[in-house]
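Structures for review follow.
Here come two complexes built around chain A, the first alongside chain B, the second alongside chain C.
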Partner chain A sequence: MKILVLVKETFDTETKIVLENSKKINNEGIKYIINPYDEFAIEEALRIREKFGGEVVIYSVGRRESEVTLRNGLALGADKAKLIVSEKIDSITVSKLLAENITKEEFEIILSGWIAIDDNNAQVPARLSQLLDIPLVNVVTKIDFSDDKIICHREGDNTVEIIKVSPPAMIAVQRGINEPRYPTVKNILQAKKKQIDLIISENNEDINRINITYQLPEVKKAGLIIDGSKPEKAVNILIQKLKEAKVL
Partner chain B sequence: MDFLAKEHIMLQKMYREFTENEVKPLAHELDEQERFPVETVGKLAKYGFLGIPFPKEYGGQGGDSLGYTMAVEELSKACATTGVVLSAHVSLCAAPIYEYGTEEQKQKYLVPLAKGEKLGAFGLTEPNAGTDAAGQQTTAELDGDYYILNGSKIFITNAGYADIYIVMAITDKSKGTKGISAFIVEKYFPGFGIGKKEAKMGIRGSSTCELIFENCKVPKENLLGKEGKGFTVAMKTLDGGRIGIAAQALGIAQGAINETVTYVKERRQFGRPIAKFQNTQFQLADMQTKVDAARLLVYRAARLKDSKQPYTVAAAQAKLFAAEVAMEVTTKAVQLHGGYGYTREYPVERMMRDAKITEIYEGTSEVQKMVIAANILK
Partner chain C sequence: MDKILVIVEHKNGLLKKVSQQILGFISDFCRQSEKKILVLIYGEKIAERLFEEVASWGADEIITIENQCFANYNPAIFIPTIADVIKKNSPQLVFFGNTAVGRDLSPRLAQYFNSYMISDVIDIKIEKDKFCFTRPVYGGKLFEEVETNGELVFVTVRPNSFGNSVNYHKNPHIYNIEPKAITNFSYMVSDILRKESEEKSLSEAEIIVSGGKGLKSAENFVLLEELARVLGAAVGASRSAVDAGWRPYSSQVGQTGKTVKPKLYIACGISGAMQHLAGMSTSQVIVAINKDPEAPIFKVADYGIIGDLFEIVPVLTEELKKIFKD
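Entry: the complex of A and B
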């Protein structure tokens, strides 16, 4: 079974982001990681390969340097990686670039995280499956196989939806589907020998129409602590403050 | 450190995640209950820790000494017990079999050790032969196809949990150190037993016991290296072991700094976090600088070993300095925690107790100074 896994390089959640200008994030001191939801997808792909054999290929769109981050996916055990180098990484561009390249592949399943923790867009799985004209099962918490069908579980508050699809299909996974493994020492050492294909994206007019600017969120103001030693006085201050904030 | 290769950075990342999730949560409990981390050993095996520097054809991971050294360091940041379990297994048991073993011995013993199916230990120290390791009294007499071992060893790390022991014994008393030989002893060989377990100040989760040999039958093919070469095997093994213990000391020291940084940002006195006081800042600056210097010495020793250059002196310097830095830094970490640092609620008191052993085992600081000075004055 050939499984493609879509991996996005994101900022480490503890990274403090600094903007160079409204168009550019300062790369200095930023730690990059594989989007944690995509790690669930890699893990699921490895488990499927362990059961049925086949190949796990990582696909990513991003900066050329993200090769370093993708090696971590290879260290987990993926067979190879393809990196489509692109300055722009909005969901429309990424989906188009992926579609253009994946069309040339034969595969049974595309796996990805359902969302990326940096922009929280959750758009690529839907856009890409549309462009490739294959079914998408989104926010999946369990994958089984039966009679050439892929059986996906989607958990609601009190329900579980079970959806059967035929390959090729796109499945976007949710936290809880598995517990990602650590890479073994041997796999880490072998990762450097594995192949990462660089694909340089063409300068597409459609793509250039998309413009993204960045701004940092406002800094949260420190909370107010009211002296509680005299409760009556404290309550009065609290009421006054709540009125000022137009909560009361 | 910026000079690390990509693969070492990736290894470090994995070690850190593993330590944070699998090792740190157990550290306090292992110390309090003086319990050997059996479950962690299984996980170390699964992810390849137990065979990092050995070639794949012998069941290892195909890594190097630096990669292994960094593993001991990272584990020891959270739990020095786990660090020494790994160090004793790799440096003191698997490594001498790799260096001195016959092909048959490697297949029989190194493969399962490197795969982590078996755990290893090393027996040199005796009640009357500590720093004076030449004063061995355990004897090995050849009787047909077997050596018959009699005597006892003390302070043996991993004893009781290890399956395979490298043991030194005298085969010819008249020849002094040249009459000592090394043997590979399996735990179920007749006449081999585990004696008293030591109650220790630190690394309390690690098992430290006496080994007893009462007419213990060791097949003669289990002689490691040539007869009479055991002292060389032991000394060379300890050269490598010192890099491991230096890495353990380094990890303990960095772990104590990390705990202290968290604490001083939270702890408020005189209306502000104690991190705002210049004393705290200056102490931390000194501590981190010394630890970074120790790290350079430790990594240098590992690099020298990897590039097949002499590393005896570099290993002694790394261990001497890292151990003393660990003791100093953990003591300061407790001081910066104040009264809370003295309680068992915070990990720095455990780290201070754990740090002390690194100045003692696998050659005391004084022994390291003898090695270093002998090289200067040669």
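Entry: the complex of A and C
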């Protein structure tokens, strides 16, 4: 089985965001990680390969330097990686670039995280599946195989939907699907020798039909801290305040 | 005339809260503008009182797809028919709640029309004909403001982003459309499992009581369930509590869990790690109960009690019971 895994490089979750100006985030000294949801996708791909054999290929769109981050994916056990180098990484551009390159591949499954923790967009899986004209099961917490079908548990609002699709298909995974492994020393060493193909994108048309600016959240003014050594007293103050704030 | 299409969801014959919040907001705005509000309701059966509810939010047109094929969400079935509605009406904006359906359907339709989509919006400013959408990115550490220029854009709105609006009755034009014949059977919904207890949906809850590592065991969550029952709240958890196996993944709040925006968020025994704050920092009022005065949760809390949750929470539950009895 050939499995493609879409991986996005994101800021580490501990990162403090600093703005250079209202249009640009300062990325000096930032630590980068694989988007945590994509880690679940890599793990799931490895498990499928362990069961059925095959190949796991990482696909990513991003800056040239994200090669370093992608190596971490190879260290987990993926076979190789392809990095489409692009300055623009909005959902529309990324989906288009991925589609252009993936149409040239033979594959059974594309796996990805359902959302990226940086842009909070959750659009690429849907857009890419439309462009490739393959089914997408979104926000998946379990994958099974039965005959030639893929059976997914998709998270609904208070429900679990059981969805059946046939390969080639795309599955965007949700936390809960697995517990990602840690890289072994052997795999880290091997990853250094694994291949990362660089694909330079020519697609740089700037459509700019919308205007995006950034703003840091207002710093919250300090809250009221209540000493809880006398629970009754503390609770009464709290309830009084919540009533005044009209949330009770 | 410019049109705005709102695709609503309903349950037990009532609009879902997020749908109602979107309609309320749009109707407040459309009262002062020339824009028309179109509302799309789908389902196997559409209750009569839904029409009244939607009409009370100033809808100009209600389009229904009342059909068995629309009983359960299936994008392969939904897209052709809804795309048709969009083509025929050419709205400027298409709104969804940021729900399991909205999150999935909206980007698919956006791609279908080669349009922009603005995900997880928490505020909208409207000036003349310009819309400016605010959405949290980087786990709420930054806000993105997106200004559109009038072309078709798809928008999902985070539940509880808009407050109460005033009803504005209209007599909408109501008509039903038939689903388009399906040619694509590549996506099959073979079953839907409902969660045993009709637990309150975290993302739509107005009040959330959340517990972390400080709860010390799965059993102790009874304390929070009690408090939640009195408040009519949902129970959430930190990742540590989920990882310990005390709560299901579905109740995790944070960067790799649910993003919530309740009126009131009560964090008990949660330290307030950045990844947790990512999921709840846009809550209207935050209460923290923690015995460590240095816990970072106090930095975002509007009201914090420094103390032992095992002493504070039962008292809080009892006192609230008294209030709600009166």
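In this section, the second predicted complex is superposed on the first by the 209 of 248 C-alpha atoms of A that agree within 3 Å, B and C clash if a C-alpha of one lies under 4 Å from a C-alpha of the other, contacts with A are read in each partner's own complex, and residues count from 1 in each chain.
In the analysis below, a contact is a pair of C-beta atoms (placed from the backbone, for glycine too) under 8 Å apart; a residue touches a chain by one contact, two chains touch by 3 or more.
Being a predicted model, the structure only gives us computed values, none of them experimental.
In the superposition on chain A, contact of A:Pro36 is made with chain C only, not with chain B.
More residues of chain A are in touch with C than with the other of chain B and chain C. In the superposition on chain A, no contact is made by A:Gly54 with either chain B or chain C. In the overlay built on the shared chain, the residue A:Leu224 is in contact with chain C alone; chain B does not reach it. When both complexes are overlaid on chain A, the residue A:Lys186 reaches chain B alone and has no touch with chain C. In the superposed pair of complexes, A:Leu242 makes contact with chain C only, with no contact to chain B.
Chain A has no residue lying at the interface with chain B in one structure and with chain C in the other. Within the complex, the chain C residues that touch chain A are 72-73, 75-76, 99-101, 103-104, 107-108, 110-112, 116-117, 119-120, 135-149, 151, 153, 186-195, 198-199, 201, 203-204, 207, 249-250, 252, 255-257, 263-264, 274-275, 278, 281, 284-287, 289, 291, 293, 298-308, 311-312, 315-316, 319-320, 323. Of all the residues in chain B, the ones that touch chain A in their complex are 6-7, 10-11, 13-14, 17-18, 46-49, 51-52, 56, 61-63, 67, 71. Residues 11, 13-17, 19, 25, 36-37, 91-92, 95, 117-123, 125-127, 129-131, 134-139, 141, 151, 155-166, 169, 175-176, 209-217, 220, 223-229, 231-232, 234-236, 238-239, 241-242, 245, 247-248 of chain A touch chain C in their complex. Interface of chain A with chain B (complex): residues 68, 71-72, 75, 182-186, 188-189, 191-192.
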